[in-house]
Every structure is written in structure tokens, then in C-alpha cells.
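Structures are listed in the sections that come next.
Each of the next two complexes has chain A plus one other chain: chain B in the first, chain C in the second.
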Partner chain A sequence: MSSKKIQFDVIVVGAGLAGSTAAAVAARNGLNTAVIERGQQPGGKNFFGGAVYTHALQEIYPDLWDRNPPLERPVTETGFWFMSKDGMVKATVQGGKLNNDPIDAYVALRARFDSWWADQAKSEGAFIIPKTLVEEFIYQDGKVVGVKTDRPQGDVYAPVVIICEGVNNLLTQKLGLIDHDIRPAATALGVKQLISLPAETINARLGLPSNEHGLAISVMGDVSMGMAGLGFLYTAEKAISLGVGVTLEALRKSGVKPYELLQRYLNHPAVAPLIEGGQLMEYGAHLIPEGGWKEMPRLYTDGVMVAGDAATMVNALHWEGTNMAIIAGQQAGLTAVEAHRQGDFSSKTLSAYQAGLKERFVMKDLYQYRNLSRFLDSHPEFMDIYPTFLNDALGMFFSGFGKPKKRLYKDILRTLTSRRPLLKVVGDLVSFGRTIIGI
Partner chain B sequence: MSKQTKIPQEELPEVYIDDILMSIKYFTDEQEFHLAIKDTDTCVRCVDKPCINFCPVGAYRLQEGGTVQIAVQSCIECGTCRVLCPPNNVSWKYPRGGFGVAYKFG
Partner chain C sequence: MLHALVGIKQVPDTTNIRIDPETGSLIRQGVPTIINPYDAHAVAAAVEWKRKLGGKITVITMGPPAAVSALQECIEMGADKGILVSDRKFSGADTLATSYVLAEAIKKIHEEDPIDLIFFGKQAIDGDTAQVGPGVAVRLGYPLITYAVNIREVNLEEGYALIERKTELRNEIIKTTLPAAMTCEKEIAEIPYAALPDLIASLRYKPQVWTADEPVAYDIAQIGLKGSPTMVFKTGTPVQHEPGELIKAAGTSLDKAVDLVLNKIMEHASGAPLIGGKK
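Our next item is the complex of A and B:
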């Protein structure tokens, strides 16, 4: 049996968005690059809402549109829906500043999209090795020089390994880049149903002029039953994607079954008519590392960099994550190229990865929102009292009661103050503002 | 810290998870289970048994005598049980390469 050592210039663990981007950039710059993916094919383990962002896609492939990306609908209308038990206030924007060419966000389905994204890395010269699980690192003089996989004679060597293993960052933990497992208060479980409907039905029910229009909605309020979390709705071309994400901490304490929480959202009087007659195409669930900055592992060490969900690169308020993964993957790939140029794979050289990310929105936004996950966890009012108040207030404002308006305003105010004292409301809003602005 | 309290079951619709799971594609590993209960008695002693509820595919099922069994073939590898099992009684690893959930759409 041959015992020839399998050697690459770079090993990427995981062919998600971060991994395939890192591999594409490394291979494009002449490095012999392997991507090791545990799924049958790239994307098979990935699951999200959700949207991808053209700024990130085009930064990697300026000729993006010639490559026929498998995108669903552009996001031409987006915003918040505020949900009460039996009502909904919709605050969405369409047109105006969203009218960019190309549109900023596109709805995608990850199994298809990630598979295509990996194909693009392949076209740059990267080797994709699917159906292979990375179990352990190979060390030499205390430094990582490769990985052990679950294949027979499955040791693969490279002087630099880029870990894009996803939210369950077991390899990252094994390396000691973080000293604890992902925390229940800083991690959300997202569950989603993809419901198939004819495109014309989707257009008619959601007020979309054509298949070239789509919706991305964050739902706040009763959807999470007071738990720290949000619901969402995205339109694929011939399907609607509806889901809920709540923190693991809240989920455990609530005793709720995630799929019943989701069904409750689907049964809501403002949601049920949208999906009536639709067929369930796929149900699934995935963890979301919402902790961001405060839960981030060290991003590099000798011979290793970490990117994407494994490095908690998620902006929980804006639902951004795919773009951060792509830009982080790019930065890691470029840093690997520079390390090869210098022939030095020490953490000193690889620190350029983190320095590069600090110049970009990735680290800037994660830092700015560093307190958000904790804020939402400690302010359930934003998931229940305020969205319900919005529903009550607008409902009362637009109802003709035959009462003097002065009395009406008093009644409206009382629906709020009976639930939360006015001073606390002011305090909540101020601290929410400070959390967002990042001070 | 979250002030979350228990939510009464009456506020939620009843769902037959097995019907929903039919929409998920798997490559089932017939030879090796990637999940296991470390110690069955620990589950018996665990009062809340939150795994029965928090697992998004309902893979944790209460048995007679208070033990818990895992329907490993329905696992979608999300990691919730790994993080939340209060006595840390789940031996959790990824399925072997190529096995497990294979999302068609994602």
C-alpha cells in the first residue's frame, strides 16, 4: 500500500460560504488548495432563512452574473412585521433606496447555492473533497501541519488550515482558540418550513408585481412567545420560507417544542392565508451563533485561521452572516497566500487576517453590536410588550369609537403603561439606541 | 439573564413531527450511531428532561421507566442537545462523512 503523504498548500475545513470563498481565493492565487466537506455535497448540511448579498458575491466574482448564480428572488421589499396574538403591524420599505442595480440582497436556498459556490471555487482550481469528516489535527513541534479525516489513510497535510466548520465549532474548541462551548444565551435555534406555492400565487398574496420581486421580513413580537428571538419570512421563486429563531436559553426554559412554536406562527391569522394550499417542501433547523463579538474565538494561531459561523460572524439584528462569512473567507484565503509568499505560517504572519477584517464591516459591525445579544436576552419587552402595544395603538388610532380623541389618546397610552411604566419605556428605548449605536 | 418562564402547552398547536420529518432527506448510517446517551440512569434521574421538548426533530423520546431513547436516524445535527442537555449526558459527534441529513433546499 502506498504511504505517499497527501500534501496541499492550504486545507479548508468545510465547503460552506466561508470555506469555498477561502479556497477560491487561495487557488486563484496559485495555491494547491483542498476543501474537505463532510456532506454528500457542499450545502447539504447548511440551512438558513435567508438572503445572500450581492456586494459580497461580486467582490469575489466581479463577473457574477455571467456565472448564472442560483438565486431565487431579489429582495425588493423588506422590513419588520410586529406581531400581536391576533394582529400584525407591517413596516416595510420598497423602492427608494432599495432600488439599486443590482439589488443588494437575494433570497437563496443553501443546498443549491453553496453547491454552486463550491463549483466556482473548483473553477479557480480548488479540490473539493466531499463525504469526508475532519476529526483531528496533525501536529508537529506543537504546530498544526494537517488534519486527520475519517477516510482510510485519510491524513492530509498543509502548512496552513482554514477552519470553516460552522456553528458547532468543535475543532476550534479542540485547538483551544476558545475555552468554552457555544453558550445557550448567545446561540439561537432557527427552525424553518419551506412551503411550495405557484409563483403567481405568491405574487398575488404578497403584492409582488412579478417573480423579479421578493420579500425579506423580520417578525417581532408574539411570534417568539416572549422568548428572545424573531420570526422571518422570505420569498423564494416558487416557495415561501417561514421560520422562527429563539435563543437556546429561552427555549429550554420555555419548555416549548420548536416545531410547535413554528406551527403557531404559521397558524397566525395574518400568516395562514399567505400559505394556504401550499405544500411543505422541507423542514429543517440550524443553530445561529448570535453572540458575535463577545463570543468570538481567537481567529488565528500558528498555521490556523477560523472564519464564518465557527467564528460567530453573525449580525443578529440585520440577519447578516452570509456576507461576513464570504468576506472573512476571502481575507483568510489572501492571508494564506501571503504566508506562502513569506514562507512563514506563524501566528505573526496570520495576524494579518484579523487586521484585515478589522478594516472591514465584519469586525466593525460585530464590535458595534457587541452588546445586542445580551440586551435582547435581558429585555423581553421588545419581543412581547412593544410589538403588542404597536398593534393596539394603531388599531385604536384608526378605529372610530365615537369617543373624543383626547380620551382615545389616554386609552392608547394606558395600553402601554398598564404593561410597563413610562419611565421604564423611556429607559428601554434609550438603552436600545445605545446598544445599536454601540456606546 | 433571560427571565423566561415556562409556556403552557395549551398555547401551542399539536404537531405530529413524523409527518414533517418526511420532508427531510437523510443518508442513514446503518452501521454506526453518531449520538448516544452516555448513562441511562442519569436520564431517569433528570427531572425536567427538556430534551423531549427542545429537540427540533423530536428525536428524544421518553420510554417507560423514565429512560430516554434517541431516534438517531432523524437527527439533523444541529447541536441543540449537545449544548442544552443539563447533565451533559449526550455523546455527540458528527455522522461519518457523507451520512446524516442532506438538505435538498436548505
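Our next item is the complex of A and C:
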């Protein structure tokens, strides 16, 4: 084969949501764009059963609905389930402010969705190179001018590289944009099962009126066995996705095996009947970078930008991440276009990427929640005492018949104060509030 | 110079496949398609011999337009030309109709550029029939070597090849005249890891598309559903049998062990199944 230099205007590493978005935006604006993906096909290395957000999808493709996106069910009911050892308090919302057109969130199965999302980038003119791993950068005068892949004659050149390599951000580390490997306390391991059931069964068991209705639930409490983390439940069209995410640090300390954690959740008396008779379709685990702002690498340097999971763009409380990745990819793509217009790829020009994100919810939210990951790590009572109390309190309230109510309230209060002094409870709530508001 | 032809099929990635419990059919939606793994090894073997002898490789497949990606994978591995035989009129074809279509196309290729060796995978992982390769060979009147594991020699001057094939008991080495056809096991060759320029070129490659009318005018009665006498009445997942019973005889005397086994046989004779499972 010829030894001609392989040259593009921009290289995107990774065909996930951030990568395919960056590539679509760059290609749409006339840049010769390559996406290098290590998986057999885009989405091939992904494992996720959650939601994508229509605001972000439509921002990239205003004609989204004509493109026939492979979405599962819209999220028409969402909220928290508070789990005790053998009970569940469900606080979910449906209708009302969720009744938007289109619905804000849709459940997606990412292997399928990412492959489609990459096809959209292709339709904008991006060139996707699968089955190829980027291992190193090519430098010239100290600046990145391309990447080295694991293939023979595998050098690819471009004046700007957008790294969307995912949570395991080895390239980002190699560039020195962050000075340490992913931190176990700031990284969750999500374990998940996708269980297939007939759509009608899902509808009947979860009280959904039709296949055009779906559930997205965060589960708090006994599901994480006192560790910092949450459980989740999402409804695909003909499957339910259930999983638990807890920090690596907590897992290591507890010695609990991830599959035990998941199995315990699936065996819970309020969960098991939902999936009874279902067929296991997928089982697996994936890291989630929940460190947010505090763990964020530098987002750009000469000739390079970083977006998506690689840049810890995840909001652990709202389960936002897909939309952040898309908007960050968009900003990175636009910045690459602007850099080409100016003919300057220095960090000075690329700083527009970070400035753009600061104007958007991406950086605003990550900054506001900057202490959340540490807060949850140091306040296990939110995973343990409080959800259980909620179950006990409501259970006692609705079963205390024939008892003087004054005594009932005292009893209820005692189930809490026997485990956590009232003053501490107030303190916990205040500091939770401060963490959320971000002060 | 060698002219090798490889017949391939694009299949759903069965490591990902599920059976719809309601209908008993494959859930193809969202399942990625791949080149049939045995076919990929067949291509790799052709590439190895092209490197040794010089020449070229033509790859052919019959399938929907999406099968282009399987042909591109062959180009990536080192094939030179891809032909996609694709037409709505071919849909619903069984192995008989498929081998007719491929054989006629191969005859056409052979007329313009004589073929020395035809490679197939031993079977496709979705249908597992192992019929199309042999069907094509018979229609062409070529000698056929099935379950090939090693090509020992290809001698174009003298017009023969030595091919090792697997049987249940032992391997056989067959000396065949050329042109010949073979169906390949995975051992036949390792799949090469392409250089990046080759991968990029393959992703940009557009194979030729042949229809039911051009350049071969097919007999409409022999293609598609009409040309397919096979009828599928029902499909489903096979019932899983319980594993056989293991009789522990270590430490027992020979007589006792014989008794144990005899008892089992007598039980079976009286109606109980010999091997675990429902009768």
C-alpha cells in the first residue's frame, strides 16, 4: 500500500455520543473529519441502560424525528424509590410538568443508539474508522499533530484532536491533562441486567398505559448496602434495565462482589415480581466517572480538546451525562471549526471550547454539584438510615390503628433518633442542601 | 498468477442473538451483522496464497444492500474485488436457489478471468446448513474438498493442489486438479490485522452490484422464493437436555462397578431413560 500520509482536518477519538456529535458538527461545517473507534462498530464498547435527552438530540439534529431515532420508551414517570431491607417507598411523578412535547427524556439502549448516532455523523460527512485503537499522540514542536493507532502504518495526522475516549481516559492522562489515574472514590461501577419481557407484561406490572409510556427510577437506600451509590430501573420497549452503581472505593472496602449487589437488588420483594419470568438479555458492568468538577481534567491544550466521560461530564444526582457529552461534543466540534477558520490550533484558540461550556448547563451544573460526590461518600446515612426511616415512618403511620396517635408519632421519631441524633439529622439536611445549591 | 474466488455470507452476530419467546424467530432488530466467521478465515487463506503466488482475489456474496460492509471487510483483509449479487427478486432464497445464483455468477466471472480455486466457509453460523458451498461446486462440476484445514501446495503450472481436510477420525490429504472448490474450517488461516491505509481504503470501497438481469440473466423460476423448495414449518429453541449421570466407580471393585452399570442398563430396559432427560 502507498506510504502516503493519512491526513484529516480533525481527528475524533471514540465514536460515543460526545465523539459522534463533535464529528457531525465538524463535518457539517466542511471539515474533513475522522472518528477512530476501537469497537467493532460505534456503541460496541458501550454498556448503558439509561436515558437520552431530547433537548440535546434536537439541538444537534433539529429534524430528529424525521431521522427515525432508535429510542425505546419516553420517560413519562420518574422519581425516587426509597428502599429498605424489605420495603419500598415510591416517590414518583407522572404527567403534569412532565407532559412536554416532545417528552424530555427517552430510554435508549446505547449499543443500538450509538451506532445510529454515528450513522448520523456519517451522513454529515464524517469518516468513521472502526476496530482501531488510538495508543499515542504524534507531536511536532511539542504540539499534538496527530495520533498513532495500533495498526501497521497506523499514523493519522490532523491539526486538532478531540478526545472522547470514555471513562478510562488513558490518552487524557498521557497528555498530562490530568495528573492521576481515575480515582476509586470518584468512580462508580455500574452493574446492570437487561431483562426481556413482553411489552404488555411490562405495562401491566409497572402500571404503564401503553408502550408509549416508560419509567426512569433512581433507587436509594438498601440497594447500595450502605455504600455511596444508587440503584436504577429503566423501561425499554420490551425489556427492563436494572442496575446498581456504587463507588469502586466503597466496593473495595466492603468486599461485596458487584454481582451480589445486583442480585440482592433483583431479589428484593418489591423488585423481583417485576421481572419474574423475564429472560436475561445482557449482563455487564461499566465505570461511571462521578467525580464531576473536582476530577475534571484540563479540557484543552495545544491541538487537543477532551469531551464526555473522559472529562467526567456526569451529573450523578440527575443521571445526566448523555446530554452533557452531546453538548460538549458540539462545542468541541464548533471550536475545531473556528480554529480552522483562524488557522490557529493553539490552546488560546481552543479555550473557546471551555468558555462555551461555561455558558451552558454542562459546566454550571458540574460546578454547582462539585461537592456532591464527596458529600455522598462521607454521608452513608443517606443510603442507609434515612431511606429505611422513610419506610418505617410511612409504614407505621399507616398501620398504627388503635394506638393513641401521640404515642405513634413518638415511636416513629424514635426509630430515627435511635439511629441518628436529631441534631445530626438537621445538620445532614442542611449540608445536603448546601451541596445541592453549591455553596 | 492465482485467481482465487471466495464466496461469503453476511450473518447476524449470533453471539448477540436472541429468540423472540413469542414467535420463536430470531430477533434481528438491532443485532449487528458480521461476515460469517468461517468465511472470514476462507478469505484469509486466499490472501495467504495470493501473497505466495501473486494474483488476485474476487469475493462474491448474495444478499441485501447492507452486505456491502461484509465485502468491505474482505477488501480490508486483502481481497481485490467484491461483487454483491443483490436484487429483491432473490429474496426468500433457500440453499438451492442461492447456489444456483452464485454458480451462474461465478461462471460469468470465470469466463472473463479464469478461476483456479474457490473458497467457502464450511457453513454459515445462522443457518448451519453447509450446503451452499457444495451446491455451487456441484453446479460448476468442480472437485470439492470440504472441511479443509490446511492448503499444503497450490501448483498452478501443473494444475493441482494438495489440501488437507478434517474428518471425524483423521485428516486426509487430497490431491485435486484445478480449478477446485473447498469449504474451510477456521484453522485454515489466521485473520490478518490490516494496516490502517488498507482499512481506510476498504471503508471507501464500493463493490460492483449485479442484479437478477445484469450481467447474468437469471431464470426467474430458479431464484428467490419461487426457486426455493425448502419450507420452514416451525423454528424454535432446542430443548436443553439434562446432563448424563456420572457413576462414581473409583474405589469400588470391578464387580461392583459392573453391577452398577448393569443395573442402569436394566433400568433403561424397563422404561427409564439411559441418559438424563425426559422421555
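Here is the rule we go by: the second predicted complex is superposed on the first by the 436 of 439 C-alpha atoms of A that agree within 3 Å, B and C clash if a C-alpha of one lies under 4 Å from a C-alpha of the other, contacts with A are read in each partner's own complex, and residues count from 1 in each chain.
Please note the rule applied: a residue touches a chain if its C-beta (ideal position, glycine included) is under 8 Å from a C-beta of that chain, and two chains touch if they have at least 3 such contacts.
Bear in mind the structure is a predicted one, so any value in this text is a computation, not a measurement.
> When the two structures are laid over each other on chain A, do chain B and chain C clash or fit?
They fit side by side.
> Looking at A:Lys45 after the superposition, I want to know if it touches chain B, chain C, both of them or none. Which is it: first, second, both, neither?
In the superposition, A:Lys45 touches chain B alone.
> Quick one: classify A:Gln7 as touching chain B (first), chain C (second), both or neither.
After superposing on A, A:Gln7 lies clear of both chain B and chain C.
> Nearest 10 degrees is fine: what angle do the Cα centroids of chain B and chain C make about that of chain A?
Seen from the centre of chain A, the opening angle is 60 degrees.
> After the superposition on A, what does A:Val156 contact: first (chain B), second (chain C), both or neither?
In the superposed model, A:Val156 contacts chain C only, not chain B.
> For A:Gln173, is the partner it touches chain B (first), chain C (second), both, or none of the two (neither)?
After superposition on chain A, A:Gln173 lies in contact with neither partner.
> Could you look at A:Ser351 and tell me whether it touches chain B, chain C, both or neither (first, second, both, neither)?
Neither partner.
> Counting residues of chain A touched by each partner, does chain B or chain C come out ahead?
Touched residues of chain A are more numerous for B.
> Looking at A:Gln94 after the superposition, I want to know if it touches chain B, chain C, both of them or none. Which is it: first, second, both, neither?
neither
> So, A:Asn32: does it touch chain B (first), chain C (second), both, or neither?
Neither: A:Asn32 stays clear of chain B and chain C.
> Counting only touches as set out at the top, which of chain B and chain C does A:Met281 meet: first, second, both, neither?
both
> Mind working out whether A:Pro198 is in touch with chain B, chain C, both or neither, as first, second, both or neither?
second
> Taking the superposed arrangement, what is the smallest distance in Å from a C-alpha atom of chain B to one of chain C?
In the combined three-chain model, chain B comes within 5 Å of chain C at the C-alpha level.
> Indicate the residue numbers of chain A shared between its chain B interface and its chain C interface, in ascending order.
Common interface on chain A, chain B vs chain C: 40, 44, 109, 111-112, 131-132, 149, 151, 281.
> Quick check on the complex: what are the chain B residues that touch chain A?
1-7, 9, 11-15, 17, 20-21, 23-24, 27, 50, 53-58, 76-80, 82-84, 94-98, 100-106
> What part of chain A is in contact with chain B in the complex they form?
Spelled out, the residues of chain A in touch with chain B are 38-40, 43-48, 109-114, 130-133, 149-151, 167-168, 170, 181-185, 187, 189, 191, 193-194, 225-228, 239, 247-261, 263-264, 267, 280-287, 377-378, 380.
> Show me the residue ranges of chain A that touch chain C in the complex, using the header's touch definition.
Touch residues, chain A against chain C: 1-2, 4, 6, 40-41, 44, 70, 109, 111-112, 115, 127-129, 131-132, 149, 151-156, 196, 198, 279, 281.
> Okay, in this complex, where on chain C does chain A touch?
Listed in rising order, the residues are 18, 21-22, 30, 32, 34, 193-201, 203.
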